[in-house]
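One chain, chain A, appears in both complexes that follow, with chain B as partner in the first and chain C in the second.
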Partner chain A sequence: MPLQTATGAVRTGLVAFGFLGYLILIGIPAKLGGPALPVLALVAALFFWLILRRESAGLSAVGTGPVPASLERKAGWEIGPQSASDASSVRERLPYQLSQSVLLKGLLAGATLGILIAVVSGIAAAAMGNGIAIQPVFDKIVPINVAALIGVSPGQIPQAEVPFFRYLLQVLFFTGAGLLASLAAAAGRSGLTHAAPIAKLSEQVSGPTIASASRYAGIALPFVLLAYIGWLGLPGVSAFGSNEGTVRLLFTLVATGSGLFAWRLSLPGRERSIVAVLLGLGVLTLPFILDQFQNSVMGLVFIFVMMGLGLNIVVGYAGLLDLGYVAFFAIGAYTYAFLSAPFSSPYISNLLNILGISPETPLLGYWTALPVAMLTAAIGGILLGIPVLRLRGDYLAIVTLGFGEIIRLFMLNLGELTNGPRGILEISQPNLFGLSPATVTSGLLSSQGWTFFVALISSALVAFVAIRLNSSRLGRAWFAMQEDEDVAEATGVHLVRTKLLAFAIGATFAGMAGQLYAARQINIFPENFSLFVSIDALALIIVGGIGSPAGIVLGALALKGLPEVLRGVDEYRIVAFAALLVIMMIVRPAGILPSARRRIQLADPVEAGLDSTAEPVEETDLVEQTGTSKQTANGQEEAK
Partner chain B sequence: MLILDSVHTYYGHIHALKGISLTVNKGEVVTLIGSNGAGKTTTLNTISGVLPTRAGAIYFQDSPRSAGDGSPNARDIDIRLDRLPAHDVARLGVSQSPEGRKIFARLTVQENLAMGAFARSDPEGVLHDLERVFELFPRLKERLSQPGGTLSGGEQQMLAIGRALMSSPRILLLDEPSMGLAPLLVQQIFQIIREINAQGMTILLVEQNAQAALQVADRGYVLETGNIVLSGPAGDLLANPQVAEAYLGI
Partner chain C sequence: MTALLSVQRVTKVFGGLTAVDAVNLDIAEQSITSLIGPNGAGKTTLFNCLTGLHRPEVGEILFDGDTLIGLRPDEITDRGVARTYQNIRLFGRMTALENVLVGQHLRLHASHWSAVLRTTRQQVEEREAREFARELLDFVGLHGREEVVSTNLPYGDQRLLEVARALGSRPRLLLLDEPAAGMNPSETERMMELVHRLRDEKGVTVFLIEHDMKVVMSISESVAVLDYGEKIAEGTPEEVRANARVIEAYLGPDVAVQETAGTASS
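Now for the complex of A and B:
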């Protein structure tokens, strides 16, 4: 087995090298610049994961089988002293042994790939340093390409000044990619939520194992990354040669995303609350340590998190496909724009002049305008909701699509009110306890950092409400309505009220997001609110996992954040992105972090943990097995 | 308790129910039998308000829930169900376990049962009824946190009946509870229907399995292409040669 694993791992590493080698030959690292190494490592991780997850699936079908529900229950909440039968049952059937082989394989494959890349780039760098040009043979292997791959500035290559630890770092990056992939593959079968109790149980039964160690590694990962991001931001630190800002952005995205996984890897209870608090504090430090560019991207990501959470209520909870969600975003943005910059709107400034109020100053501050923007958006939601109450599915999608366009055309053509395509200008930023935004931002925070900070707080609030709604009476009514309107109505659900509430609450969240977006942009124009905003919001909840707030955050990071990192590879960016989406939809049709409910619908039964029909048989099976093993053990003792 | 007075129902311009009149008295099990397309399910859906009544009337009589303690104001309510939307009919205590079970597949068993009690605002009563459902269907208690869609057919039927009972109904409308179940399970389900009735529940039972239904029921109606062609005590119908030939396959 180990030898088989080893050769298999090396083979996997070689195949990955072939793939990445092609990317290097066509000059992708040069285009990416600084982020080349981490981005390639992520690509390798995705590649490894695709291979390892199949392997882990095959093995588990033959070997240990899925975790029995009774064990999960025990493992999750009542970890007390374990009896002998528990111990043997864990050893018998937990996939942790399997995970170990997968983990080893991932590490080895990653190391193989890393060493190959380090050796090849070392040879190329040495050749160039000694004046041998490779360009005539491979036209894209130029100093700038190799430098990006190694993570140094291009000038260091011709002088042959590459420190040795750079190559070690390359190996480390790809080995880490292998570890990440195998972790994901090992956890995939039983789901991350189950991975935590399983690892904990196996640790209690047979001491620290690779599975439990990797669980702690998974929890520690976001904090390590946060520290790394902080270090990268220190003056004088240069880790990746060029485009360092993008590298930091990439790490910020990965750190935030891995924070969600860390949360899932922690055990429910005290451990999870500690992890959650630390993660929260960690993320809240980000606006302070990032620069203007990174903050602006992250701010946009979290504005879209709010959008996604709101749209998720309409689409994910209530099952009403809304393609015109941008309308409420626009309503929120323009409401705040009118209140904050009345002078930009000819109609409103006239009106205010007649009323004897000066239109030159904002009517309301950011926080006092918030309820107004939310209310206006909610009214918009109800106004859309009433005519489409009887529509379902495709027809609903088309009507909402039209509504989104109508609002945008209104903004474009109601020149007197909205200033048409010239837009509303000079919208003010959120203030803090009466302090002007300038005072707030002149010190610790950049202006975009402040937006990011507000976006974080707002989306945390929205997420809290969304999660509470999920398990509320209203949430149940939404899900029931999504499943079967007639039956839901026959159990006493007031369909009209329930649907309108979904539209209104979803619109409220979009209104909040729109207001912050207006403040972030300072000047807003009708073209900011095109159909593509709706599509982005819908795509991010589908990729992340409909109905799952954590998935939505992940979706926003991937769909709104990652493209900014990949900006360097311009013409390949869209291709890479499309490929990523296609792969995601094939291997995880329910999204990256699906909600429990969606998993049931879309995933295969084993992955969704629904093998319970087989459970009673397995249980008796288990008792028999442990019984006989105990008997033989006793027999042996007696024989001695 | 429930009176249908020449009820007409249409699907578009298709005349599905052509003047159905039937009565269900308090504490009775009344069964509605007939072949495919006779209008059995349509009748139930019309009562519960999912389908609109084009002509005729549906009366529902009961002492109001809150004043059931015999206070002087406790008068029998007499309500035209055909004028109410479905969710208000449900709130009055007319509870339907629909054909094909139609449990909420992605909601857990617990949430499904909670949906049954959606219209109620008495937490203690809900808990009490939950206990009662678990007594009737111990299987559901074992499967509490499992999604409804993963239950077996028989368990789903139990859940559908349990969900209907959770609304603490005045009258229970059961639509083909034996559909697609193994003979042993069918027996079990009918046994449970008997038990529920013995606890005082009024039941209107729609069935294709005429024999089993008539054995459980007090009275029966035979439905044919939207008309009631025969009615009477269940025993008489069982003995009726016409019924035997057409529906019992004897």
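Now for the complex of A and C:
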């Protein structure tokens, strides 16, 4: 076995250890209790699978040419000639070597992880058994977690004599996870090359019936979850004791996310529209069945979906890196705040008194204020856009960053107008045809549920507009501008108009989101609009997949929803997301659900690499094949 | 025949370097004109002046009687001047078809609202644009490559796609910056044939920069020669080939004395 594979495997094991160590640190094993070890092993398997699959994807792409007849017959483990010089023997050799090295790598990585965890939990158990206090901050978390991991109940820790076989069990479990992951990775890929016995097996097992069955299972999943969430909400049902609220929220996040995958799994055409309608209805019932806390989190998630979709127009479509996006969010929020609660602003109430209008009542309702907030934000977008028209890349990022801060400082220091750090208070909630939503739905819709509902509808609308624009000539002009500004202009794209439209439309969406945010918060303060809102919005589109609306929804679910699920381990939340982001970028550099174009861009280096190593005669041939096999591979990824 | 493009005393200075020095040039409608000259002679700079990427300090550029000076690149494209680039500059992550659709951007007029609502008019326009893009791809010989991402196209095909993209704006004058650079003989052959068909079938006036003398001599009706930013010769290929200053510019003064009427091959 090449040394490279071995070191790579150990490295993978170490990274996985860091990841799992983090999970242990935030208290996952203690929450899981008894099944902690198998569940963690499964998590590790998933982690390995993602890494190994990516590796086998890069390599097996070379081996997906027309398989020689001889290869089909002698499917086995023998490694081909080591010094293969002509292209055909490269093809013959690679799939074999590939599946074997992937298998070995999985096993070794799993074993590394298992040994590390066993050693660490052994040390921790020994320390606890001897009454040695570890760091005070870890004290409340580590013991019970380690105990859960080695199958000891927390009460027994001081006296625990942990038998050796329990540590062995850990090693075995994680090695098994590595094996499982490598089998899955190898089977998934070499199914195309008929290389390893596993491939044969997977081909026989996952025939067309199974494949379509798993597809239907994928489509059914969100509906099952939605039904489960509904069931959890029934009076008297308590599945998870004190954690019920968070668990239900977690299921809500997963159900919404899996809904997007289900939509992608469905066949385009009638099936897809049926799935879409049913999913839409299913998700729209969520505000009615969730409680106040879950609704408030989901409301925030979908406010950020709107933000993400808007920022995606600027960053993802037009390629203008905007770090001051929070400015438009703030403009939308404050515009609605002034219109809805004029009495909170000394300047505006004075003005209204002079004009003979009572500042005690809202000037405009939520819906009538909506166009005003959108328009104000759009004007803000254009005002930012004009001075930065000539800037590109880093310079643009810095200027927009400054713009975001300027708006926040305005809000903070224009005390007469914005009431400074004391904020604008008692902003009214959106109503339903002049009535409070709770009355209309006879109490079914709480105030946060209504916010969530409005956020859902608005996000859908925003996504619709964004997708339609992107597929029109404006979308093409944006993308051309992102690719090469000078050429786009020489090809006939009016740069000023196109850029300003991107800024204005992006800002409009942020204004909508800001208005709803103000209504949700009831009281808003300048601190609500710090730089971190911009960074969150940018992070969620990067995690989800730049340029892909479905990815943005997933990104918002992961970045704004999951931290709330982890409320119980508050102090580690931020670390969790740092780690999650790093892992995300390693495993899926283009985002969870990347747009087709983004995938092309990130696939380039691999293709370029292949290009230079391939035999000159076969060059174009090979590149074309990798291109197509990559496409099918991506198709499969989505299918999963 | 009246001149479609008339360049008058155009001068472009970069710091202390005069890249284009008082060049006068007339290009007749429906002609094929070549611009040649040693490396750094200012050929591409002249092209950039024509397409609005650079603004010349002095001089006048008239296209069909109207000035192009001071217009933005997209406005110049709108008047009917399109170009390709020396180092291929396609929109790499877009498909071949999308590249040509961007080329048509100026000729599409559906409002963005109608794109959101997908009105019938907008749909019809999009469909026609796609048909036209397919036609253009067929015309340049990229049939069947519509959905290929442009960076994945072979080099020669990328050059052809640049021509198709330029044709998307329905130009009257097409500027080709070294269309045959880096091509193998058969690809060059295809490109030369394409240049002829551009003029004969599409009625486009072609103005091209080229280093391959075989190409220049066989397809051009007239040739202009730049050296150190100055136009040193102009005329039919035969005249230019015999011109002593051209030989001097290409081969150096000594050789020029020896070869009175030699061939100026690169």
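Operating definition for what follows: the second predicted complex is superposed on the first by the 388 of 640 C-alpha atoms of A that agree within 3 Å, B and C clash if a C-alpha of one lies under 4 Å from a C-alpha of the other, contacts with A are read in each partner's own complex, and residues count from 1 in each chain.
Just so we're on the same page, contacts are C-beta pairs under 8 Å (C-beta built on N, C-alpha and C of every residue); 3 or more make two chains touch, one makes a residue touch a chain.
Bear in mind the structure is a predicted one, so any value in this text is a computation, not a measurement.
Engineer: State whether chain B and chain C clash or fit side by side on chain A once the two structures are superposed.
Structural biologist: clash
Engineer: In this superposition, which partner touches a larger number of chain A residues, chain B or chain C?
Structural biologist: Ranking chain B and chain C by residues of chain A touched puts C first.
Engineer: For A:A480, using the defined touch cut-off, is the partner it touches chain B, chain C, both, or neither? Pick first, second, both or neither.
Structural biologist: Touch status of A:A480: both partners.
Engineer: In the overlay, answer first, second, both or neither for which of chain B and chain C A:E489 touches.
Structural biologist: both
Engineer: Once chain A of both complexes is superposed, is A:L414 in touch with chain B (first), chain C (second), both, or neither?
Structural biologist: Neither chain B nor chain C is touched by A:L414.
Engineer: Per the definitions at the top, what is the overlap between the chain A residues touching chain B and those touching chain C?
Structural biologist: 473, 476-477, 479-480, 483-484, 486-495, 597, 600-601
Engineer: Taking the touch rule as given, give the residues of chain C at its contact with chain A in the complex, in rising order.
Structural biologist: Those in contact with chain A are residues 51-53, 72-74, 76-78, 82-83, 85, 89, 91-94, 98, 101-103, 105-106, 108, 110, 112, 115-118, 122, 126, 129, 149, 151-152, 154, 165-166, 168-169.
Engineer: Taking the complex as given, what residues does chain B use to touch chain A?
Structural biologist: Counting only chain B, the residues touching chain A are 48-50, 85-87, 89-91, 95-96, 98, 102, 104-107, 111, 114-116, 118-119, 146-147, 149-150, 152, 163, 167.
Engineer: Going by the contact rule set out above, which residues of chain A touch chain B in the complex?
Structural biologist: 473, 476-477, 479-480, 483-484, 486-495, 597-598, 600-601, 610, 612-613
Engineer: So in the complex, the part of chain A that touches chain C is made up of which residues?
Structural biologist: Against chain C, chain A makes touches at 464-465, 468-469, 471-474, 476-477, 479-480, 483-484, 486-495, 501, 597, 600-601, 604, 607, 620, 623-624, 627.
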